[in-house]
């Protein structure tokens, strides 16, 4: 077990793609760190840089305080679980588990002891003689984890390990992973594009986009205080509604919504409102409000998602571009999602008035996307 | 130069699974009108050579030919065996085939793995050069090879047969293509597990390459066993001759003794035929596989 | 079925030397089995390999016998690649056995055919073993093929340099012919992805 750090790490591939740009990230010993971001954002490359399967173009990677940037994988004492498990198909589960230990010339009785212990912990005892082809997806996943953990590595790396499992199994394995981490307290770096997984599993999240680190923090932190428009939109489901607004003298105007925002410089900006930060307005509600034309209602039981239009224009999570509007009559209509109480009886085609919860409006700089205090 | 690939044939052949869609009303279909004569034509020369091999010398040289001999003279085989060192012929061929098969399996694996997975300076260039040599017919290099073997003092020895054929570009190419098709993550997992490249090759990659290794072994065995031109060039004494060359020497010394000649010929084909019958599925798959991959 | 497949493929496994010797015997002008069959049909005995006008054709027959199985296997492999659904679709569309073969199956066989044409040409241009064993280039030089000529020049007349030159010309010829074949044949192959 050890801490892992990236120090201004850049990775450029031979064809010219810049997969990781100046990444600096410190992961203390025992932390469960999640690298999350959309496909192709560089998170898997970053993981592979720690594993040693790729070599950084510049910068330093340290494990347990030691610079490992140019060491081969076998000298780094890390272990990895691949997305499709990469179990050795011609070896039994037992041999799969033992392989890494045998390669490092661990004495035979020690190998047996550790394999037995790991097999017991992961519930693989009846499967030891089987080959990977005879296992179910969940079983293979556990064998892959067992193979990694049996070596008691300094860092435990996982590359989207749950993405090949069905939904129910995924939920189960998430809990399993958390349990294992609590028990072994091993430094873990976990890559995923699923922000729900990221939020539920990690001690801290690192949100990555376009090879650059957008924000690092606890799940709650990242959710409640997103550093920029990208993070705000990426984290949270359904995603935050983003509207183009103009600020002047401490008030921001987006369509027919007018919000008081202190400390926001005059000029264009982006307003962010999470779906749960809107409610049906009571007649004497003093809060800022806007008209909402419902187009689609999704009942979820306890909650209800309503998709519809308000006056205003959408902003894109890439703050510099226009989001093309696929629906709507004109450019002055923005599609917005609202999360409301499930007991409400709302229908498509209705127009309601929504109130915005005080203090739950976010503001972002229109050019850079960075969060403004507001 | 682009080489054609066969479309769609990228799974292993399973001839047992070929659909047999003929209605089972009667055992003969129009196809039999074609297949039976064809098979007869294919098998007739061999059958006739076996028949001839069991006749007396007088019977063999008779016109009209005796179609079914009245007595079977197996001693022809004994005569043939004794008149020339057939024992040596078989032994030399066996050494030649075994050594080249082993050599190819070992060296081509190493080379193919290097080309497939290791990045080193000039690897692409070297591989392309090797591919180019595949196109060069053997006759172009036969004289230089002869001179080199002579320099090495290996003329008229089995070593001289083996050494130039210890590692062939065909095998390197075949194995490289196959290694490339294996999921690279298996090897990455093994690297992380602490295995050296050699360990990865021998413990992970090769066990998973059994079909293509068998293909290479079979094809190389057949080439070496049936090789004629190269032994003809460098072997001068019967003691060191492999089987096909020995057979032609036998032909030279028994030109009109057809029964003995047929006995010798049949004898020399038995090992190959036996291997073929025993492993015909592998054989046919191997031949087809290389055709596909060309 | 398996028997026929085996029967067709066995000649591929027999060595070129054995093939040559066996055919020498089969085509023997006096005692050969083929002349026997011909006599039954009232045709006089032929010289075959000792007849300058027939020898080369006999060599051709011999090599066809030895290589046919290889071609069959390659075609069998190609046929396996034909998606069964296409044939069924053609039948539904009303095509008969022959026309569905012609329009559905045959295109899939084109790459195999091209491969076999190229491969057979190269192998034929490099023919040696059978010639050495049967006719030694005769009678009257009618079966002296390039590689046999090369062998004579190099190892009988000791014209090493000339032989090497022959080899290079052969190489060039193979190269040019193969390129032409690929260019002409390659155009008519469609990809199926």
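Letters are used for the chains, namely A, B and C, taken in the order the chains are written, and counting of residues starts over at 1 for each.
As a convention for this text, a residue touches a chain if its C-beta (ideal position, glycine included) is under 8 Å from a C-beta of that chain, and two chains touch if they have at least 3 such contacts.
Everything quoted here is computed from the prediction, not taken from an experiment.
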Checklist entry - A-B or B-C: which has the larger count of contacting C-beta pairs? => result B-C
Item to check | Innermost chain, where centres are averages of C-alpha coordinates | outcome: B
Item to check | Centroid spacing, where centroids are CA-atom means, of chain A and chain C in whole angstrom | outcome: 63
Checklist outcome for this item: Per the C-alpha means, the centres of chain A and chain B lie apart by a whole-Å value of 57
Item to check | Whole-Å separation of chain centres (CA-atom averages), chain B against chain C | outcome: 18
Item to check | Set of chain A residues in contact with two or more other chains | outcome: none
Item to check | chain B, residues touching no fewer than two other chains | outcome: none
Checklist entry - For chain C, which residues are shared contacts with two or more other chains? => result none
Checklist entry - Tell me, which parts of chain B touch chain A in their complex? => result 183, 185-186, 188-196, 199, 204, 207-208
Next on the checklist: Taking the touch rule as given, give the residues of chain C at its contact with chain B in the complex, in rising order.
Outcome noted: 1-19, 21-23, 25-26, 28, 30-33, 35-36, 39, 65, 68-70, 73-74, 76-78, 80-84, 108, 111-112, 114-115, 118-119, 122, 125-126, 128-129, 132-133, 147, 150-151, 154-155, 160, 163-164, 166-168, 170-171, 174-175, 178-179, 182, 185-186, 189, 191-192
Checklist entry - How about chain A: which of its residues touch chain B in the complex? => result 51-53, 72-74, 78-80, 82, 84, 86-90, 99-100, 103-104, 147, 151
Item to check | chain C partner contacts - residues on chain B that touch it in the complex | outcome: 1-11, 13, 15, 18-20, 35, 38-39, 41-46, 48-49, 52, 60-65, 135-143, 222, 225-226, 228-229, 232-233, 243-245, 247-248, 251, 258, 261-262, 265, 268-269, 272-273, 276-277, 280, 283-284, 287-289, 291-292, 294
